[in-house]
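Residue numbering begins at 1 within each chain, and the chains themselves are lettered A, B, C, D, E and F in the order written.
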Amino acid sequence: MSMNNLGIVKRNIVRADKAAVDKLSRFGVATIHEAMGRVGLMKPYMRPIYSGAHIAGTAVTVLLHPGDNWMMHVVAEQLQPGDVVVAAITADNCDGFFGDLLATSFMARGARALIIDAGVRDVGELTKMGFPVWSKGISAKGTIKATLGSVNIPVVCAGAQVNPGDVVVADDDGVVIVPAAVAQQAADAAEAREANEGEKRAKLAAGVLGLDMYKMREPLEKAGLKYID
Amino acid sequence: MSMNNLGIVKRNIVRADKAAVDKLSRFGVATIHEAMGRVGLMKPYMRPIYSGAHIAGTAVTVLLHPGDNWMMHVVAEQLQPGDVVVAAITADNCDGFFGDLLATSFMARGARALIIDAGVRDVGELTKMGFPVWSKGISAKGTIKATLGSVNIPVVCAGAQVNPGDVVVADDDGVVIVPAAVAQQAADAAEAREANEGEKRAKLAAGVLGLDMYKMREPLEKAGLKYID
Amino acid sequence: MSMNNLGIVKRNIVRADKAAVDKLSRFGVATIHEAMGRVGLMKPYMRPIYSGAHIAGTAVTVLLHPGDNWMMHVVAEQLQPGDVVVAAITADNCDGFFGDLLATSFMARGARALIIDAGVRDVGELTKMGFPVWSKGISAKGTIKATLGSVNIPVVCAGAQVNPGDVVVADDDGVVIVPAAVAQQAADAAEAREANEGEKRAKLAAGVLGLDMYKMREPLEKAGLKYID
Amino acid sequence: MSMNNLGIVKRNIVRADKAAVDKLSRFGVATIHEAMGRVGLMKPYMRPIYSGAHIAGTAVTVLLHPGDNWMMHVVAEQLQPGDVVVAAITADNCDGFFGDLLATSFMARGARALIIDAGVRDVGELTKMGFPVWSKGISAKGTIKATLGSVNIPVVCAGAQVNPGDVVVADDDGVVIVPAAVAQQAADAAEAREANEGEKRAKLAAGVLGLDMYKMREPLEKAGLKYID
Amino acid sequence: MSMNNLGIVKRNIVRADKAAVDKLSRFGVATIHEAMGRVGLMKPYMRPIYSGAHIAGTAVTVLLHPGDNWMMHVVAEQLQPGDVVVAAITADNCDGFFGDLLATSFMARGARALIIDAGVRDVGELTKMGFPVWSKGISAKGTIKATLGSVNIPVVCAGAQVNPGDVVVADDDGVVIVPAAVAQQAADAAEAREANEGEKRAKLAAGVLGLDMYKMREPLEKAGLKYID
Amino acid sequence: MSMNNLGIVKRNIVRADKAAVDKLSRFGVATIHEAMGRVGLMKPYMRPIYSGAHIAGTAVTVLLHPGDNWMMHVVAEQLQPGDVVVAAITADNCDGFFGDLLATSFMARGARALIIDAGVRDVGELTKMGFPVWSKGISAKGTIKATLGSVNIPVVCAGAQVNPGDVVVADDDGVVIVPAAVAQQAADAAEAREANEGEKRAKLAAGVLGLDMYKMREPLEKAGLKYID
């Protein structure tokens, strides 16, 4: 048994069910995270390079070393249409691991987005290309190609555990990971959660208070809330 | 006398004079802050979720606990048209305390904006709705409803002291608080400050130097400035 | 010999060759930084106040003190068309050293941009004016005019050494400094670097892998990369 | 009415009752903060320059500007034995506003500590002198003496509202502010809180679980906690 | 299958082999991390509350919510002599989740340390008690007891994946996690790594250069290193 | 002319005059920084790994890449007794570039300290050895040996420009760089500055106010300071 997974590329991974991914793509990150029980979020420092993007796809993971993007070329070969690359780094580093050439390659392979716990560059060009990236930062700093990492091993990316094949959903609110085994269940729960949101929204828009709609007055009073003039 | 103001909702607050608020709404945050003597700013980490918003209104304050947005529903009931909710947290926390449903409710009550020293979510939707928020961050992380905070007590939000009824002005430069008692005075001072800005701008655009327009050459020389070739 | 360069304005500086600056303006920050051997970048916290700006010009430097923008008026007089102001601060400070009036003056003198390791304000107005600024942050906080700094001395700005007359290139990826003496060489190297990018991009878009295009399979195998199923 | 309190030194302030301060000095910051209902803490970035110090005293406040410590000399004159200087800054700044000479002066006036939302220097010397400082950071950067701030006005320091005369308690856990009007009440509450801590500690040390001592098993089960093997 | 592991306490976990833990306790965090192939480290923001502590033990994990330490009492019951509590939080939060009473309880159960991706308090007392904590920060801020988390589920703590029963080693350099399954292998590798360190140290102390001892001159020259005078 | 200085080791550098270094070693960082006109400081995030160290020496510089400490072995050979290694990194990175073995080598060569804009490890051992390090952080994360940097080229370290041979002075307040050419002048100025500090300290200790000793009352009144009761 190996003490680490470095220098390994796993070719055959089990991707989450396509129907579940498609269904999850209809919901926002906040909704899915709530539907799962408030778990699965990456840290909020992960921000999109342009606003308005909303994607869902299956995770292909890559583990990189600070200042070294060699494995980005290795991961490209493992991509299938509908995949999202999730890149973790073995230590904090904000160099620009990814730019327009790699994006061209990823897009050609059918990738939908990159999620990277580090920096990216060519963001003007990436925006024009419409290839969304959620990253820790933007930096023009170039990287080297000297050290082996791994592809399709479990990684921790921006505080979230990600296994190859998990569903990644990302929008302007951030990034959430849905384990492949519960993708359908999470999609159903998200749908259920949204089902009566329209009704709630209509009530609130009509001036009904959440205090009444959610029946909070009694528990608040019980907790000791006092109104004074 | 209570050692703290927790668990209290003050219903009747004295809001700053409407005319003063309206007048203040014509000026930018930087101008008002300067007109008041360079005071009243929140920390610069408070950023708008979309650019171009510029609001002024009267503060309705709420004190929340980390990860708990229960009082957001309580504060909704206290809102009047023209109010701005100012939300402080008892400790640093960037969870998403506010989203599109609460925004719907706040808008229905006539609120103009939310200023929150924490995170918000549904920012794509909030942008479409045109409900501006200045916050410490964006996060999809959900919150619970378990602990009492307070409404309309004095709070410290992003480093600024805010009393209920104070004027809040916010734009792309940040957020400034104008105490209700000096709102008219601040508005007048802001107006006076801007009065001759047009003239100054015209001169500078024509190539006149600030060195000459502000008569700085003599004090600079006196301070010891040396020109060398 | 002076122990410091405070209180000095150097009037005659040698600006980088105009043709080299023009040529450099055709390339992105990442490309130039790579072409120079991965040097010259400012820290990635330097961000543009609006996206899409891309400028190149000759550095006129200014050294400021925390909370004091007096020298901004002094530097204005030293500007020539095509210059970019590079402002360093003697200690970390994010106050708003620069706003629309100074921008009007800088534009009237022909300046192309401001690069400042501190805060700026009036960013809404600056965006409308089309005067780009790369800064550490945005803050409405006003500054005083009390202490001498210097103009056109060598400075360290956001981690980069900048000499007066050096070329500054900035875009959505950040800011790079090209020493005047190697400006032409860097421009040529950037051109060479981009020469075959189109071809590479076409190949990658057609599905060719970087693994093959860059002939990485052998060195990866030699390094010990293992493929598993 | 003034729009700000700049340029003012208030000489006569009402200090919290000495007996209450003395009693509060027997308790730690965490205990007092809990006893007050979990309020009054400064941000946790406020750290002591050496460990083991534990002080209580009456606040004499000073408002400073970034990079300017002029008012530190003004505040010295207002100090009485048992006071603690609480220094707020109008914007984020970590310069070294305070060193061994000022500490000598403060000690001669009977001050017990400095709490400053900025930097200090000469920390080696201050440690030898036994003059404790809680600060945002340590920096050798010198400051100027050019701009008026104020003494003994209400300030926001590290996120806490501080009025002149309030009680300041500080130890290795941080800094808490007790409003003068509730000082005795807070001291009594802290005493009550600690009264049965010895008994609790003995039980826990003997192996009794908090689950049983605090009778948490039922509420946990009610909340849905499941034990699995 | 559950979408999350919230509200669960796993009682029976497989702890790493005691002999392997004991052997690992002889080595520093840096050595073990290197021996494993440079993996397993927590983020470097995890710092000990006092210097000089060096512990190894088996992980008992707990997942907490921001501002809520209820599960700390639940985890106490699951502790066995030689365990180390590893506490993860569902979102960034630096409140003081742990103090001297809980430490008394943990010590009574035989716990060797706490590793927590949040804040602690009573650090003066904890230091006197000799109960080491590695944490993200120090804060007196109290927490509530309202929401269920979990005990002995896999968690991500400070960027590291931790499974119940894994080995935790911590010293002044930080914290490393050794999966239970490779504990013996890692201990052997650490031992092998240290075996010839004494010899190396003696050579270096005698003035032999790493350049020669590690035979780096040739690869450096090959890489293009140039010596100039 | 080269566009960068990468891959170069300069062997013969002109070190600052030994007598000047010795004299500077008698003064603290704050005093020297003031004596030079408030210039030369590194950023305050540079902290000693243990308190109480106070060193002065001549800078031998090294430029490293993120996650790569190869050049640390190259710089060791260039060290002479009395030198201080100043290590800059081409991008932000906090890995542990330096530990006890390298420290053994540096000490054997007569080096007095390491100043590094990155992380170090083995800090417990380094403390026992008495080899002081001022760094950006502490991290056990190991580095590789793959990319050429340079030795004895001008570098920017933690915001300060450092040329080989410059004087480095460091203590608990931070790190200051004195250019070799003004070392004697700075030492004399520091001496002059300290000359009458004893007298000042005695006066302040006797209760004389800085207001009177520095004759500040008149300028404060002129600036508009008002005393109220």
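Methods note: contacts are C-beta pairs under 8 Å (C-beta built on N, C-alpha and C of every residue); 3 or more make two chains touch, one makes a residue touch a chain.
For clarity, every value in this text was computed on a predicted model and none was experimentally measured.
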{"item": "Mutual neighbours - chains that touch chain A and chain F alike", "value": "C, E"}
{"item": "Rotation angle superposing chain C onto its copy chain E by C-alpha atoms, nearest 5 degrees", "value": "180"}
{"item": "Self-contact between copies chain E and chain F, residue sets same or different by half", "value": "different"}
{"item": "Chain centre separation in whole Å, for chain D relative to chain B (CA means)", "value": "27"}
{"item": "Distance from the mean Cα position of chain C to that of chain B, given in whole angstrom", "value": "32"}
{"item": "Chain E: positions in contact with at least two other chains", "value": "38, 41, 44, 90-92, 94, 139, 141, 147"}
{"item": "Pairwise touch network: line, ring, star, complete, or other", "value": "other"}
{"item": "Each pair of chains that touches, named by its two labels", "value": "A-B, A-C, A-E, A-F, B-C, B-D, B-E, C-D, C-F, D-E, D-F, E-F"}
{"item": "Chain B-facing residues of chain A, complex", "value": "28-30, 33-34, 38, 41, 44, 47, 51-52, 54, 171-174, 176, 197, 200-201, 204-207, 209-211, 214, 216, 220, 223-229"}
{"item": "Partner chain D, residues of chain E touching it in the complex", "value": "7-12, 70, 72-74, 76-77, 94, 96, 99-102, 104-105, 107-109, 119, 121-125, 127, 137-142, 145, 147-148"}
{"item": "Interfacial residue positions of chain F with respect to chain C in the complex", "value": "1-4, 6, 35-39, 41, 43-44, 90-92, 154, 156, 159-161, 181-182, 185-186, 189"}
{"item": "Touching residues (chain side chain A, partner chain F) in the complex", "value": "65-68, 90-95, 139, 141, 144, 146-147"}
